[in-house]
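Each structure below is given as structure tokens.
After this come two complexes, each holding chain A, first together with chain B and then together with chain C.
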Partner chain A sequence: MCFNSFFFLFFFMLINYFFFVYFIMNGLSVFFEWEIISFNSMSIVMSILLDWMSLLFMMFVSLISSVVIFYSKSYMNSELNLNRFIILVLMFVFSMVLLIISPNLISILLGWDGLGLISYCLVIYYQNLKSYNAGMLTALSNRIGDVMILMVICWVMNYGSWNYIFYFDFMKNDYVMFIISFMIIIAAMTKSAQIPFSSWLPAAMAAPTPVSALVHSSTLVTAGVYLLIRFNYLLIDMFFFKVLLFLSILTMFMSGISANYEFDLKKIIALSTLSQLGLMMSILSLGFPDIAFFHLLTHAMFKALLFMCAGVIIHMMNDIQDIRYMGGLSLYIPLTSLCLNISNLSLCGIPFLSGFYSKDLILEMVSFNSFNLMVFILFYLSTGLTVFYTFRLIMYVMINDFNLMMIYNLYDEDYIMLNSMFVLLFMSLLSGSFLSWFIFSYPYMIYLPFNLKLMVIYVSILGSILGFMVSNMGIYSLNKLLLSYNLSSFLCLMWFMPNLSTYGLSYIYLNFSQILFKNIDMGWSEIYSGKGIFNILKNYSVFYNIYQMNNFKIYLFSFILWFMILFIFFFI
Partner chain B sequence: MLIYDIWFLFIYMFSVGNLIFVSKNKHLLVVLLSLEFIVLSIFFFFLVLLMFIDYDMYMLMVFLVFSVCEGSLGLSILVSMIRSHGNDYFQSFSML
Partner chain C sequence: MSFAPELRSHSQKVCNFYKRAMRTLEAYHVARYVIRYHQVILRNELDKNKAVCDPKEHRRLLRVAENELFMSQHPIPVAKFARSVGIAGGVAYDRVQVIPDWVMDYWHPLEKAHYPEYFKRRECRKCEYIKKWNDGEIR
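And then the complex of A and B:
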């Protein structure tokens, strides 16, 4: 099953690649339409839009999913129901493809809801309590986005059909479009885990690692960004886009800080994904959709690779995910640490890896155009924070002394997992330049002062030095973290926002239901329905018992009494 | 006039028999005796009634047969009660 689906998806990727090259060279886009049903004036059509953007994204999605399925043949080989897992992953890929190729809100809804549902099934795959909680948080946060898209479908009925791409230029100043843009932005914010809804992404790391590599790095969380890229012509001068800018910049900053305090390997990578998502959303809301798309694709490559390396490390350490138990692994697993290092450096934006092209372009566009001072500062600070937690991670996992947790399990030569990582390694090295040659038909002309241009290098070096100094530990090191307990817990726990989605939502209802339970269930309803009626029946039965526990003749005497009454009243 | 006298006698006998039936006695035999007394009064009145319908006494014979059966049934109940409970005392029965 694994091999079949791997070959199928790889072949699909090749088809998409060739069509993509053909379409982008000739500037083609193909629109299929099939009318399913037609009401009085609305018609539900199933449309498929194949232009270069959807073909490119489909190519990347099918490449990553084919590699992940091949990887999970070895990662999840002790799983009894591996077929079930592969079928879930394939259904996920199908929903994602449906989302990518649809210019029609109803098929977007099918893909969107399918993504939310199947990511829930995949997050709860391990079926322990933590997975169930994480799955509930994921599913309900995504559900808010589903509700928003359903309401958008209702509002778009004003325009006569659900193919939204035809209406953007004509109806921009309409009130209906205002409402639609607001809801679409909220839907994208839930799916891509921006600030009010960001608590599900670190929690969803309870999923198996191949699921995290596919879903939480490249496809599910970028569905929101993709939706906004499609809707970009509509949203570009709306007010809510500026709100989205504010929130996504804060997301980027907050998750960068939180990743520095985390000690769980997959949570660090999840917060890193969250930070890069904030970066994508913010560059999108500044008005550059193609750069956002570019960063989306390159990020997908190296983040999936990073998750897969984390999976190898977790397998090696016998399912320990805490980086404080790891150290010195670069000596023992050279090939995996090669992949880990390259993907980490690509994340930081080291020159001429794939992340550099997209990230550096974003930062230079921010510097070149005239934006807010806060935007500028937070962008560069977040870039510095990215380097900071990356170097901290590399120090903890690879360079610090070996912590002797697992000696005999230092096994790197799992060729299935290694080969799948090498495919992504190749793409992660080269996809930056490939994509920039394909997507941008002319380069961006950016003219910056010297120090401003090198600002990226300055914050990167600063971040790397800080990352080295924070994690440079010896026998003599003292941990002074608890001196700043309040501040540290504020920064570590994602500015206490997960409480909004978990504790804050359930506390009122649980408190109220406790009051109800104590007062009604164990209180008044005992008198009025439970014990009370029992007491009434018991007392009456006792009375009847006393009444009837007599000689039978008394009962017969009442007949005579009745007869006498009759006799007296009718015969006198 | 004669009819009314016999009527009063019948009513008196019947009601006395019922009174003994519902009275609180110690023995079941008294109850059965009162039932026989009621039967006897009805028999007497049935006879008087049939004297005015040309002396057709056949129904009366059927009535006699059934009343004898009833009496013997009562006695058999008495016997079985004595066999199960050992005595004749009726006071321990209640409506339950």
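And then the complex of A and C:
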């Protein structure tokens, strides 16, 4: 089943590629509409929009999913229920494709809900307690976004149709559009894990690694960004975009710091994804949807590759994900470490890898346009933090000494996993330049002072030095200040926001419901129904039993009683 | 009852505390020589109170030490054995769920009718098993 799915998706990717090239070269955009039913003035139609953006995104989604399915043939080899896993992944891809090609809010809802529910099934695939909790967190956070989309559908009914693309020009300043834009932004924030909905993404790392590579790095989390790119024309002058800018920059910064204190390999990569999602959302809210889309695609490539390398490492370490026990792995898995290093360097924005083209363009646009000083500082600080945690990760995993056991012989690469990683490696190297030639028909004209142009290199060098220092802590290190419990627990636990959004929101209500349950369900309602009525009936039946068992005695007694009454009545 | 017998002795509690403290040091420091350095210092601190005989002093020292360990615990404890539960337990605990065999007894007869040979053989095996248990061949 794995190979069949891989070939199908790869073939689908090739079709999308050829159509994408044809469409973008000729400036084509195709809109299909099928009328399913029409009755009086009501009609239900199914529409599909195929333009260069949807074809390109479908191409990338199908490429990554085909490679991930091929990878899972080897990674999930020991699983009894591999067929179920593959079917879930295929359903996920189908939901994603439905979301991408929809110009219609109803089919967006189908794809959106499908993504949320199938990602829940994939997160709880390993059926232990941690996965169940993580799955619940994922599903409920995504559910908030689903509810927002449902409410948007209700509000858009004011216009008579759910094809939102027709209303952008005419209804831009309408009050209803104001409400719709607010809800769309909230929905996108839940899916793309922005503050305050960011707790589910690190928790969802309880899922198998191929799921993290496909779902939590490149497809599900980018659905929110894609939705905002589609709605961008409507939202561009709204106040909420400024709020989104603020929240996304904070997300970028917070996750960058948390990744520096985290020791779980997959959680570090998850927080890195969160940081890049914040970057995409912030550049989108600054008014550059094409650059956000560009970064979305390049990020998908190298992040999926990074997760696949992490999967090989986890397999090799006997399911241990803690980087404190890893080290020197480049000697044992040279090809995987090659892929890991290239994807990490691409993430940092090292020149001429794929991440450089998108990330550097974003930073130059931020520097060139005159925005807030805090925006500028946080952008560059987050870039430095990205390099910081990347180098820290490389030091811990690749360069330092191996820390798990005294005697070891490690090797778990196989050709299936390597082949799938090399496809993404090729794309991580080349997709940046390839996309920049296609997406941007003319380059952005950016003029910057010399030092501002080199600011990226300064922060990258500073980040790499700090990453090197932090991972080489000896006995008498100055950087032990950063290890104080209060500071490290605040910074590594994502500023306690997961605790606020889980315990903080539900504790009072759960406590109150426990009081109600104890007092009413198990208390008064038991007395006045249930057990209480049973006791009354039982007591009555015991009482009547006396009459039934003592029939003759009662008969004689009543005879004597009547005799006495009659005697008293007649003779006294 | 004012007196309750302890389930664990004092030495067991001290050993448990020592193990947790060692794991906390492993969480904070990564390089092996750094971990060993701090572990030797910790062992020395415990050895200073080795000769104390008063039980009240024992309990006081343990309480102080537990408090210090609590205040200096690492927010992300180490997980050396991914498939284990407990203080060294990790992410892979309880991943593979084994469905017990008795679940098949609760299948609906129409479902069982799809596999008649299998369920016939299963009933034979169950009888054989009960007979072997009664004869003492299986314990």
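In this section, the second predicted complex is superposed on the first by the 491 of 572 C-alpha atoms of A that agree within 3 Å, B and C clash if a C-alpha of one lies under 4 Å from a C-alpha of the other, contacts with A are read in each partner's own complex, and residues count from 1 in each chain.
The criterion applied here is as follows: a residue touches a chain if its C-beta (ideal position, glycine included) is under 8 Å from a C-beta of that chain, and two chains touch if they have at least 3 such contacts.
What you see is a predicted model, and the numbers here were worked out from it, not measured in a lab.
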Chain B versus chain C as contact partner of A:Q321, first or second or both or neither: second
Touched partner set for A:F263, first chain B, second chain C, both or neither: second
Partner chain in contact with A:N451 - chain B first, chain C second, else both or neither: neither
Which superposed partner A:K553 touches (first chain B, second chain C, both, neither): first
Which superposed partner A:N26 touches (first chain B, second chain C, both, neither): neither
Partner chain in contact with A:S370 - chain B first, chain C second, else both or neither: neither
Interface residues, chain B side, partner chain A - complex: 15, 18-19, 21-25, 90-91, 93-96
Chain C to chain A touching residues, read off their complex: 26-34, 37-38, 71-76, 78-83, 90-95, 97
For the chain A and chain C complex, residues of the former touching the latter: 126-131, 206, 261-264, 318-322, 324-325, 396, 400-401, 403-404, 471, 473-475, 483, 485, 488-489, 492-493
Touch list for chain A against partner chain B, complex: 545, 548-557, 559-560, 563
